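Several structures are given next for inspection.
Across the two complexes that follow, subunit A remains constant while its partner is subunit B and subsequently subunit C.
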Partner chain A sequence: MREEGQISAYQAMGYQVSIVLATAILFVPAITAQYARQDAWLSLVLAYLFGSLQVFVATKLALKFPRETVIQYAPRVAGKILGKVIGFIYIFYFFYVAYFVQREFEALMSAAYLPQTPIIVVIIMLTLLAAYVLYGGLEVLCRVNAIILAVALFGLLLIFLLIVKDIEFTRFLPFLENGVGPVVLGAVVPGGWFGETAVILMLLPFIGNQGKTLKTSLLAVTILFVVMEMVVIGAVGIMGPNETGRFLYPTFNIARRVTIEALPILERQDAMFMMIWVAGMLMKLSTFFYAGTLGLAQWLNLRSYRILILPAGAVMTALGMQAWENIVELKSFSGEVFPLTIIFVNFMLTGFLYLLTFLKPKSLQGAS
Partner chain B sequence: MRRRLTKKLMDLLARSKKSVVQPVDGKQDLGRTETRVWEPAELERIPLSPDLQVNITRLKEVFDTNPDFIVREFDIAGGRARAALVFIKDLVERSLVGHNVLKSLMLDYRPREPNGRPLWEDMKRVAVTAGTVKEITNLRQAVEGILEANAVLFLDGEATGLVMEAEGFEKRPVGQPETEAVVRGPREGFVECLAVNITMLRRWLKSPNLQFENMFFGRVTRTRVALAYIKGLVDPGLVDEVRRRLRRIDIDGVFESNYLETMLRDSPYSPFPQMIATERPDKVAANLLDGRVAILTEGTPFVLVLPAGLVALMQSPEDYYHFGHLGSFIRLLRWMAFGISLLLPSLYVAVTTFHQEMLPTRLLLNIVASREGVPLPAVLEALLMEVAFEVLREAGVRLPRAIGQAVSIVGVLVIGDAAVTAGLVSPQMVIVVAFTGITSFLAPAFDLAISIRLLRFPVMLMAGTLGLFGVISGVLAIFIHLAGLRSFGVPYLAGLVPFHSTDWKDILVRFPMWTMRRRPAELAKQNRYRMAPNLKPGPARDNHKKE
Partner chain C sequence: MPQRLITALVLVIVLLAAAVQAGCWDLRQAEDLGYVMATAVDRTPQGLVKLLVQVPNPRALAAGPRGGVTPGASISSKAFRNYEVVGRTIFDAIRAAAHQSPKRLFFAQNRTVIFSEDLARQGLGDVLDFFGRSVEIRRRLNRVFVAKGDVRKILNVPNPHGVCPALRIDNIVRWRGQTSHFAAVPLSKVLETLSLDGQEPFVGVIEAVANPTATPRVRKDLSMEPPLTITLTGAALFRQDRLVGFLNEPETRGLLWVLNEVRGGQLVVPGPGGKGQIAADIHGGQATIKPELTDGRIRMTVEISVVGDVAEAEGPFDLSKPEVAKEIDRLCAAAVRREVLAAVAKAQEVQSDVFGFGEAFRRRFPQEWKTIKDDWPEIFPGVEVLVKVDAEMIHHIGMISKSRAISVP
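Right after this comes the complex of A and B.
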């Protein structure tokens, strides 16, 4: 199945950045600071290396099959039945991330902005928007993403510049207080998150200039690293590791702190932050929703994924509603379970397939 | 199945019709009196007869009892041959007919004898003084020639006729474009007459490569439409695509270019205009130079220019007629107004209803105090005011000019002052709605202003139910829609996404002329540069050394 339209490697990079950023920016500072405390910035360096490794393996694997997605070649690489199972795991993983995103989105929205609105309204709203993107196809996803990412990065930079005066570097001392162990532990979560860039496995066949994909994928992780460093240093530097670890959404709290004495109209502008963040979440949801429905359509040998959009969206929403009781459960889940599951898929499973391609070079035939 | 059946039926019907209209070849059929309807296809099958009387009778049959249909029979060359001139009285310029045809044929024409030329050829060469003539061979051409304000000449013994240009009817003089006034720049606007409009374009673009293609639309109206483009600049694929889409159109009447526009669009349900409709010849000429195609329609001063994206719709010719700083300033202002006219009422509703903490405390207290007596929630208040504004605006357009002023004064007093005093709306809301209304007039393309006007209402409803989240959802939905939209294959947001850095010189601001060397990236792909390099002006450096 060939999806109409082509994107460029840089547009794919845009996705890779925005899909990780949208959620990581909220959760990662708190979780990393819980483990690594004032050395959270160091954890991010480790996470960066780990994330680069993951995306490197994924891109290498994808480049071996330039015309197919992982769902299509997995049966050839791993054998018919095992391949289908692996394909299904990938598909489930995409939907799993998608409904996790739905729920994360709802968590912040209902906690901070719409406490009296039933959460299902908020979720359905976002899912419908994502479905609208999916009906448009990959090109639309790309173009919307380019605009949103530009606005979001600009907004983040602005927030960072406004708060940089409040950062106290003494908060980063003492260096390596409890040894290397906590730093490594703190790297697991952001490392897993950075690994989400492996979604390139589904996007690669639609990229025009595939030769650049490896470079742009690594560049995507680098951009993510820089932005996340900015956020973590901002959060720990302003609030200290204790407070950062205790808040649900430290980034959000930073955004709330932005004040300019001369311009009172700019005070308490966290709603502006929300608007940008909603856009980012929409991109993340659409990308995984897209990868999931496209994968499912290929798994079932359908001609078009469009027929699956609404049913898949409905199932996803239902799963998202029942999977977590409340926001506390969601947070502990996103710190303890979620990173491991996505590392399992993005790193272990992808690495496994990559190794298999060396053992069964025959499977490469037919992939021209 | 059903389709096949209907097709069969249609075939049968067509065949039965055919059998009624035997191609007439002489005198039979002449005495028929019953009224009948003539289809162009039928007329085309009837060739002109060498017998003058037969031709005249047939035309009289076609035009039936129309009193303005004139057949003037006369003799030429001293009674050597009979001839007839056929025309519609009020469509032709009578002095032209009298002078160019009747006088020269009846009085002045003396066939030179003996010369080998047949009379018809000789007459055409020597006696017919009309500039544009065309020979025709069948009845359809004759009928259409007559209806298009020409005079048709028949000669006894000839199975051909001569269509002569004799057009003469009242036209509105060229005036200022009503909807697109400028402070500096040409003040000439298109008119209803296609010929005049084509002349204006020709005067702007004196190139043989400026190509016009004539087409006719409307089974009954037979509206003339001209497709214009510049060869070598325009993408030939684009012209083919426009032709292909135009060819599909089969409709009984075309009264305005919008009839064509709605049938040519890429996404018919989109609220956004996918072509520029303009009354300004200079704008059309400039767009043709960018590699676009124009569609001129007889009977309307609005010319369609395509393909058009958001960027092109936000450009006004005046941006280039003022010097760069002002042009850029106006452009920025316009984008801002674009955002305000879409979002201001929604943002006001969302912030006052859901996010009061965003306002500085004093302003908040102010708003709360003035809203104290207002019986409606903010979103209803906003909707009410917007509707009132739209009603006034529409009334202002329709009402006779003398009453219009009275209505606008009453309107201003009623919705502006009395409503506030009566405590029905808050003064802040009046400011918001009035300002929004004014900003919507900044859009250079009237169509774009209309889409924004329409979209304002759903976004307002979203703001009233979900606050800023509703607003951003609405904005995102519009964005997604625009990102998927195309105008004749060109992405609607071209320049922004897909990103073209050279186009950015002419999006948010207007760079100086000499930096905009390239035409828009998605158009004119085979002819990119519009000017020589290094045109930046300045004092010549060598002169200083010499002096």
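Right after this comes the complex of A and C.
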């Protein structure tokens, strides 16, 4: 199946940024600060290297099959049965993160803004909106994403500029207080999150100027790294590592604590943060939802993925609703289980396929 | 069914749904909320939480300052209402207030949190959880104080400027740089400091003192001076979450010097040559703490640079002479140093490291810190503190150079 439409490498980059951004800025600072404490910024550097490696391998693999997605060529590379299984793991991974995103969205919305609203309502609203984006197709998704991403990155930068005066750099001392162990542990979670940019495996066949893809993919991780550093340096520099680790949503909190005594009108930037974040979550859900639905359609050899949007969305929502009882489970899951599973898919599985292409060069022939 | 009919039907359903669903579960109208501006917490002898919340009356506030001060005026013109309720926890007490308040109490605009001295001495730990956890409470915008005396009285002091006491406190805090003689610590700072091993929290102190210009209450006198006035003064020192002592006003500024939080203030020193006196206007200061470790002895060197102007020179001084200026710099530096040393002495006496010397030590000597951090409250009083001040007070000297020096002995 060929998805109609074509996107540019830079649009794919926007897709890759959005697929990580919205949940990473909310959850990662607390998790990283719990392990690495004041060296959380250094953990991010490690995570950046790891993320770059993942997206490098994924892009290299994808570029070997410029006309197909990973779901289509996996059976040729890994053998019919194993290839289908690997394809299914990828598809499940996309839906799995998508329903995780639904619940993360609900977690902050109902904690901070809509405590009385049943969580299913909050989730269905976002999912229907994402389904609408999916009906528009990849081109529409990427264009919407470009607008939202521009606003979101600018807004985050603005919030950062408003709080930068409150950052105390002494909070980052002493350097490496407990050795490198905690720093490496702290890098696992953001490293896993950065690895989500491996979604290029699903996007590559629709990119027009594929020559630039490697560059733009690495650029996507770099943009994410810069944004994450902003958020982590802001959170740890203002609140200290102990408090950052204690918070469920430290980024939300630093947006709330913007204070400029001479200009009280700039206080309480939570509305701005919320605008950025809700839009970002819509894109995050849409990107995973799209990748999953497209993959499923290709796995089933359907002509179009559109027929799958509503059923897949419904199943996804049902899975999301039953997967976690409450925020406590969600939080411990996001710190302990989730990063390992996504690293398994984005790094191990992708790396495995990449190695196989060297062992079975014949599999490349169908590609061109 | 033809496609067009289906489309029309769907459209009608959507429009109908929109009409009945206008709003959301969590709709809260602004006029249904009671905006709490100040929250005071005390403990009853039975160990229950006693909570006092101040809710302004927007109608009276908008009508101008007459409402709050007039004892004979009708009750509806009072600018605020204080609700006092008792509960087992803070949240319990807040909900108990719902029996009395016609509006849902809403804490997002709260800016002042006051703890009674008794409660602070018993420990804030239990009650602080609510303030850290609640999504309505803005940690950075709330300032924490300890009340000396009855908080009911404090939060009911009338005044034509800033009719509602909560708003008045907030504005006094805004101008704290006029003296830097009292602490105004954000709730966020208190919570963050509590999570550190090498630093203890401190908060401001609030008090209602006699108003020397008070006039006796005469019936129907709308312009009487109130008998009391709210004042912010000094700082309260904590060890962990327990109040252990107070700093007076100069000592508080001594503390704020070390923490880089002096925004300004007045400094009165004897004039050069011991005659007359000089009042300087501080513009700000910059401090660094340098920990040293020699043969197991811990020493803290605090280096402060102060900038300011001469605001008053009572005495026969010629400020246009550079040597006089140098002398004034030296005298001001000595005065700042005395303030800091007084604060250090008081803090060491009550074993409360509000300066964060422990944290400074941890940053410089992380390995050594691990061995002493549990004993830090016992070590801190023995730490030698050196204070070096460099003052530059002659940026401007006002409009005249030479003082007139009449009648100065």
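Simple rule for what comes next: the second predicted complex is superposed on the first by the 363 of 368 C-alpha atoms of A that agree within 3 Å, B and C clash if a C-alpha of one lies under 4 Å from a C-alpha of the other, contacts with A are read in each partner's own complex, and residues count from 1 in each chain.
Criterion: a contact is a pair of C-beta atoms (placed from the backbone, for glycine too) under 8 Å apart; a residue touches a chain by one contact, two chains touch by 3 or more.
Predicted model, so just to flag it, every value in this text is computed and none were measured.
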Q: Tell me which partner A:257 touches in the superposition: subunit B (first), subunit C (second), both or neither.
A: second
Q: Based on the superposed arrangement, let me know which partner A:173 touches: subunit B (first), subunit C (second), both, or neither?
A: second
Q: Would you sort A:143 into first (subunit B), second (subunit C), both or neither based on which partner it touches?
A: first
Q: With the two complexes superposed on chain A, say which partner A:246 touches: subunit B (first), subunit C (second), both, or neither.
A: second
Q: Tell me which partner A:117 touches in the superposition: subunit B (first), subunit C (second), both or neither.
A: both
Q) Does subunit B (first) or subunit C (second) touch A:187, or do both, or does neither? A) neither
Q: Considering only touches as defined above, state whether A:274 meets subunit B (first), subunit C (second), both or neither.
A: first
Q) Can you list the residues of subunit A that meet both subunit B and subunit C? A) 113-114, 117, 121, 267-268
Q. Which part of subunit A faces subunit B closely enough to touch in the complex?
A. 109, 113-114, 117, 121-122, 125-126, 129, 132-133, 136-137, 139-140, 142-144, 146-147, 264-265, 267-269, 271, 274-275, 278-279, 282
Q) Residues of subunit B touching subunit A in their complex? A) 354-355, 357-358, 360, 466-473, 476-477, 479-481, 483-484, 491, 493, 496-499
Q) For the complex, which residues does subunit A have touching subunit C? A) 111-118, 121, 170, 173-174, 177, 239-240, 242-243, 246, 253, 256-259, 261, 267-268
**Q.** In the complex with subunit A, residue positions of subunit C that touch it
**A.** 24-26, 135, 138-141, 174, 188, 191-192, 195-196, 359, 362-364, 366
